[in-house]
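Here's a structure for you.
Should a chain be cited, it is by its letter among A, B and C, assigned in written order, with residues numbered from 1 in that chain.
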Amino acid sequence: MSYEFDQRIPVYLQVIALFKQRIATRELAPGQEIPSRRELAAQLGINPNTAQRAYKEMEEQQLITTERNVPSRITMDERIVEKIRSELLEAAVTEFIQSVQAIGAPLPEVVGKIEQAYANRGKQHA
Amino acid sequence: MKKYLLLTNEELKRTAKPYLIVVAVLMLLEFILTAAITKMHEGKIETFMRENGVSMQEAIDAYGKSSFAQVVASGPFLLILGAGMMVILISAFVIWYRDWFGKTNYIYRLLLLPGSRSSIYFAKLTTIVLLMFGFVAIQWLMFFVLAPLHDLLLPPELFERVSIAAVLERSGLMYLYDFYLPNFALIYLFALLLIVFIFTLVLIERSYRKGKKVIRIFLQFVILGAVYGATLLVINSDHLFANEKGMLFLAFTFLYLAFLVIIGLRTVSKKITV
Amino acid sequence: MLEVHGLKKRYGRKNVLDNVSFTVQPNTLTCLIGLNGAGKSTILKGIMGLIPLDSGTVLIDGTGSKDAVAYIPDLQTMPGHMTVGDALDYMNDHYADWNGETAESLLRTFQLMRTDVITDLSKGNQAKFNLILGFALDRPYLILDEPLAGIDIFTKEQIAWIFTSEFMEGRGILMTTHEIDEIEHLIDRVIFLQDGRVIDEHDAEEMRELHGKSVQDRMREVYAR
């Protein structure tokens, strides 16, 4: 089953974004083994070179650790995990605010709506 | 060498079925024809006897006995043999064209194979030559089956037994079975020449477009004419002995053959296109 | 790398290929894109020596030898009566770099049987069979002519899968296709062809990163005239 990619954003960046998301939600736990480049390419339906590039970049960003002849792992460093969470949250907030600005609602109203939505979400999940 | 053998094997495999079917048909026709001609002769004798109220011996004096040689020398029989030769010549065309126009584009596969492309040429040439010799050999065997058949179908008074040698001579087929090596070589060299000439034309046709194609093919005929024109001119001059003439003819033929093969090889290596 | 330089081919007055030059790097998937009649197929056949070129050079890792390239056309090239098994044996006989294990593995994945008669196979299965004939050669470069043309969706997915698989590794691939949608995310490099000329060439990820454009976006731009 292949992941649906946006054709206007570099694929390798989308792969990294996918990993960041999973790291932030702990779907990928710190220290967890990740698939080889080859396996990842097959799983996501991408060019193995792209997988290679994504892993290289993630290694540079210290999201993953690689050693010879051993499967790569998610970083154990909690600070980095926290940083990612924080980044994703910020990005979501920035996007949200951009779309909300057009409506011109005051902050308390916006916060109220957010709290309501969270409460409802909780009910749905219950 | 390995490529050549593999390709020859493949060509023979592909040709086996249609070839054997044609051979079977021709053999069957010869069988039927032999019986028919033989019985027709008998019929004519009997009719003559009846109509003229004469004895068989008198009828025989009029019509003559039947011999297998007559059967083979007859028009229809020679037609079958001619058809056999035509099949070989047509095969020389088909063995190439089916790789472009057959069910698949095998020519792609052939041209992509590693190694020299000459193997392709020689594999196809070998196949056609083998088909030709196959026909000749099978026909030879057929004579040994059909002659007794003829004899069996008639009462002893009506036929004369002839040797296969006589059969060949009276039908003009002795050229195909002349086992005197120089003659054999010359005759089959000609056959080879014919096949190679066809190969050359086909390869030119498959390599060039429209105008160039026509000109080059025309040129081949011009060269053919020139070579043999010159050869015959030289040979018919008075300065040579008979066997010297024969050798010269052979030499010219060899050179021309080599020339055609070289052109064919060059074309298939560098000019051919899918 | 596979280098193509100054390829020219004329048919009568028409310049089917007009000074075409480009390179294919190892370990990349390069796509030759162009409208019908732009000369894509001619380039591939010219590289493989199936069509003689009027001029130009083709160098594969520095030599003129074609032994490092495998070609996968979009038509059937094995003799008509052959079964899949016969064809694999044929390849094994002729090619020193034929990898029987790769062939068997792909045979299983594509669910083809050795006993299948090639010309009885559906178009999709024939396409998959052709892929095996190319991929099972241990050669660093692979050239594919329209591998996805006229094939049903499910078979297309199977074929596209091979470009994400281990069989891609260590290969430089050059392909032509009209089905850019299916493989857009797999392409590393794009070469645009028009009327026998290269009119644009770029790295797909770079185009996305720097300009936010997909291959198809860029295609529309480039061919908009």
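Everything below uses one rule, namely that contacts are C-beta pairs under 8 Å (C-beta built on N, C-alpha and C of every residue); 3 or more make two chains touch, one makes a residue touch a chain.
Owing to the predicted nature of the structure, the values given are computational and were not obtained by experimental measurement.
A.B. asks: Would you kindly count the fewest steps from subunit A to subunit C, each step being a jump to a chain that touches the current one?
C.D. replies: The distance in steps between these two chains is 1.
A.B. asks: Would you mind checking which chain's mean C-alpha position lies nearest the centre of all protein C-alpha atoms?
C.D. replies: C
A.B. asks: Averaged over CA atoms, how far is the centre of subunit A from the centre of subunit C? Could you give it in whole Å?
C.D. replies: Chain centres of subunit A and subunit C, defined by C-alpha means, are spaced 35 Å apart.
A.B. asks: Based only on mean CA positions, could you tell me how far subunit B sits from subunit C in angstrom?
C.D. replies: Taking the average C-alpha coordinate of subunit B and of subunit C, the gap between them is 45 Å.
A.B. asks: Could you please state the distance in Å, as a whole number, between where the Cα atoms of subunit A are centred and where those of subunit B are centred?
C.D. replies: The mean C-alpha positions of subunit A and subunit B differ by 78 Å.
A.B. asks: Within their complex, state which residues of subunit C touch subunit B.
C.D. replies: Checking each residue of subunit C against subunit B gives 11-12, 45, 48-52, 66-67, 71, 73, 75-81, 90, 93-96, 118-119.
A.B. asks: What residues on subunit A touch subunit C, complex-wise?
C.D. replies: Where subunit A meets subunit C, its residues are 2, 5, 7-13, 38, 41-42, 44-50, 53.
A.B. asks: For subunit B, which residues count as touching subunit C in their complex?
C.D. replies: For subunit B paired with subunit C, touching residues are 3, 6, 10, 14, 102-106, 108-109, 111-115, 207, 209-210, 270-274.
A.B. asks: Note which residues of subunit C are touching subunit A in the complex, please.
C.D. replies: Answer in residue numbers: 27-29, 160-161, 163-166, 168-169, 184-188, 205-206, 208-209, 212-217.
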